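Each of the two complexes below includes chain A, the first together with chain B, the second together with chain C.
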Partner chain A sequence: MQYRLSFALQVVGTFFLSFLDFVAILVIFHHLPHLAGWSIGEIAFLYGSAAVTFKLSDIFMTNMDRLPVLIRGGSFDQVLTRPLGTLGQVMTGDIDIRHVGSIGQGALVLSIGISRVQVDWSPQKILVFASMLVGAVLIFCSLYVATNAIAFWTMDAREVANSFTYGGNAMTQYPLHIYGVWMRRIFSYVIPLGFVNYFPSLYLLGREDPAGSPHILRFVSPAVAAGMCVIAGTIWRQAVRRYRSSGS
Partner chain B sequence: MTASIELRDARKTFNVYRRRAEARGLGRLRRDRSQVHAVDGVSFSVEPGEMVGYVGPNGAGKSTTIKMLTGILVPSSGYVRVLDLEPTRQRVDLARRIGVVFGQRTQLWWDLPLQDSFDLLRHIYRVPEDRFRKNLAEFGEVLELEQFIATPVRQLSLGQRMRGDLAAALLHDPEVLFLDEPTIGLDVVAKARIREFLADLNREHRTTVVLTTHDMDDIEQLCKRMMIIDHGHVIYDGDLETVRARFGDESVLIVDLVEAGPPIEVMGARVEKVEGPRQWLRFRRGEVTAAALIAAVAAKAEIRDLELSDPDIEDVVRRIYVQGMDR
Partner chain C sequence: MRLWWEVARRGFRRYATYRWATVAGVFTNSVFGFIRVYVYIALFAGLGDRIGMWDLKDTLTYTFVSQALLMPLYLWGWQEIAETVYSGQVATDLYRPFDYQLYWLSQDLGRATYHGLMRGIPPFIVGAIFFDLRLPMDPITWVAFIASFYLAVIVSFAMRFMVNLSAFWILNERGVHSIAASAWTLLSGFTIPIAFYPDTLRGIVRTLPFVAMFELPVEIFLEHAQGADILATLAIQAGWGALLLLAGRFMLNAGARKLVVQGG
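Let's turn to the complex of A and B:
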């Protein structure tokens, strides 16, 4: 926060840059009244919930970019000699709050979405909505951890990790049923990105899945998120055991 | 009383990939895998309060051993215990009870003043406030940290930084202190200060100390016991005097004479090499003292300059191989 003007400009900049992303969707709706049967309000709801939760986990995981440097240079030694968890130590450090601009954009789109869809906000729906957001952050964070941990084997995994995290974010901006059968299966049961927002949104928006996925999937996002955290934690611990340090 | 450190047949093997130099076309993408046994069956134990020197040439496996003991590297096989804990599985519990200093690398925060690094470490190790103040006062005085405690670490000299690192590793009263090359790159004065500090620490706090070094003087002044490691094996474990007496008591006196002349003949030394006015005399410290030898040489020829070179660890290791331990 040393440089206020620079900070303000970056916040505004990330806000508008990420807004361009949503403009692409607006362009589609300029030509079509519906996208895969969903109205613009519903798409905004889906897009906004993905954007807010993804950017939030992106902020938590800013420091994962440093991981290959720590591994290659052998500075991960220090992380291991301190009486604290390794993941926590890697995650903390610089937290890049300039991303608040893009969170703001996601929140704006999400609130537009909420105002345009017809949802009867019963306590049950509010609970599902809140757990959807928390679960989405956890699923994205788990993806960050699990994919970046590959660096312990390969020395660098940022490109692979980015294709899962940023790619995952792009994928969750559209309803899952626009994808082909195999893609849907993968994103439901292998890399469970469908649970970030699509399945709970089916319930919240009162929509049917044209692909006919089981009803129960709409309510299991918190369990999926918890499972993802366990898997990511296990991968991380195994990865740390592979650390080779460097000659000194 | 159980041992502070115990290793039984500990091994660490690394896979190393090498690209085939002679390959052409797609063959260049193939790699040959070979295994390097960095530590190849090491066993020893260290009692509480001992101060042990762990020496050996570059790449002998010193750092790898230390890293297995401090929970950084997972051993490929074997039994490793420090304070009855398994270093990698009980890493966090162990980290609270040991101190680690790597001479080549700092654990301080590069951009922060030393004082701030200490404050952060106090929180990380949850050192009670009064303990922290008492330790900082004690170590700060002995290591003379006051002059630079407010300076960012990046601006400290190597010697100052090492003193800061030592204090940082001791704030939580560790029972065992691991030092990897604590005197590397330091000048004579800085080395002496660090050695004195370590000797006091071991005497007054009964801290168990394991240090790796290249410098035989570190061992001579600090450790009753030394272990020599080479190619991943411990080839000697015992006191320094024994090694000195058997393998390392040959020193070389290099004299620059005012005028070039024939090899000087003196008792107890033989001339190894003559290069103009410069002569190399090899002698055994057990047979003749350096002072007596210099006097004898001075009696025969006028000396312009002289230098005394003691055997370094590489010499000692080479000789152990040539002569064998059981002689």
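Let's turn to the complex of A and C:
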């Protein structure tokens, strides 16, 4: 926070640059009123909820990018010697709050989405909405941890992690039913990105899933998120055990 | 000429060392191709018609061609020159008895050749296995596409060169780069085809140099440009490439002058 002007410029910059990302959706809706049955308001709702929660987890996980450097340089030794959890230390090593600009953009798109869809906000719906956002952050963070842990096995293959994190963000901007059958299955039952926003949104927006997924899936996002945290934690611990410091 | 050939070969071999990175990258490029493709399938299902010259098959082909071009065009995260500016290494590099810009260009063409072969062709093949893609039958299209590919790399290099040189004046080259990269992906036709934009916007964007990177090579691949139009498309790319390289040269001279002043 030493450089206030530079910080302010970056926040404003990321705020506006994030809108470039939304342009594709505007261009698509220039051609048709509904995409796979969903209006632009409903897509904005999905896009906004994905953007806010993904960018929030991105802030917590900024330092994951440096994990290969820590491992290769042997600096992970220091992390291990401290009497604190390894994951917590890597996460808090560097928190990049410049991304607040893009969170602001996501929040704006989300509120535009909310204002354009007709939802009567009963207490149950508010509860599902809040737990959806919390669950989404946890799912994205778990994916970050589980996939970046690959750096303990191989340094070079870490780009694979991007398919799950950035790919997950791209994928959750649109309703799950637009994807092919086997992709829907993977995103429902293997890499549970559908629970980030799609399934709870079906309930919130009062929509049916054209693919006919079980009704119960709309309400289990918090449980899925908790399960993901446990799995990610286990993978992380297994990965850390493989750490052998750097040579010589 | 032999020198540049050798530099290009080294650029190629330098990236060929990371085998697992290549496998991981192909996986990632393919996954993103799949995610993007279904949005267009939903778009055309609702539309039931073409957008301009583009039908669904064209658009699916575009998706995987643009995924294939992503690494060769290298829009993100190439800060090598900026790093030499910050470390001071650039001063010695500028003294070397060969052309500084041509050196980096040759290196980049070698890199792009590697990325085209190993990071470009495999995701396209993956896409072609799962989706009905258009493959040009006319050998002339392939020749033109290869020419268009290298011209696109030159345009991309010329822009990245200038963004890197901004390090002579600005301490936060990384910030400039991320802003530039966002603009590049949108205005080049990578995010969504420029052909899908509303008419006036499309007209404006097509007059900018960015379309030389994704939109124009894809138009050649899809054979939307034919006969004399192919030559015109390549000429536009070449024109932008030459102009931007020249602009980079002026920028380099200005930066080098500043460097001497600082060095005292």
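Simple rule for what comes next: the second predicted complex is superposed on the first by the 244 of 248 C-alpha atoms of A that agree within 3 Å, B and C clash if a C-alpha of one lies under 4 Å from a C-alpha of the other, contacts with A are read in each partner's own complex, and residues count from 1 in each chain.
Note that in this section contacts are C-beta pairs under 8 Å (C-beta built on N, C-alpha and C of every residue); 3 or more make two chains touch, one makes a residue touch a chain.
Note that the structure is predicted; figures quoted are calculated from it, not measured.
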item: First, second, both or neither for A:Asp156, with chain B first and chain C second; value: second
item: Of chain B and chain C, the chain that contacts the larger number of chain A residues; value: C
item: Contacts of A:Tyr174 with chain B and chain C, given as first, second, both or neither; value: second
item: Partner chain(s) touched by A:Arg82 [first = chain B, second = chain C, both, neither]; value: first
item: Partner chain in contact with A:Leu108 - chain B first, chain C second, else both or neither; value: neither
item: Partner chain(s) touched by A:Ala211 [first = chain B, second = chain C, both, neither]; value: neither
item: Partner chain(s) touched by A:Gly74 [first = chain B, second = chain C, both, neither]; value: first
item: Touched partner set for A:Val27, first chain B, second chain C, both or neither; value: second
item: Chain B/chain C common contact set on chain A; value: none
item: For the chain A and chain C complex, residues of the former touching the latter; value: 6, 9-10, 13, 17, 20-21, 23-24, 27-28, 30-32, 34-36, 154, 156-160, 162-163, 167, 170-171, 174, 178-180, 183
item: For the chain A and chain B complex, residues of the former touching the latter; value: 74-75, 77-78, 80-85, 241-245, 247-248
item: Chain C residues touching chain A - in the complex, by the definition given at the top; value: 18-21, 23-25, 27-28, 31-32, 34-36, 38-39, 41-43, 45-47, 51, 172, 175, 178-179, 182-183, 185-186, 191-192, 196-198
item: Residues of chain B defined as touching chain A within the complex; value: 14, 59, 63, 67, 70-74, 88, 91-93, 95-96, 100, 102, 104-105, 107, 124-125, 180-181
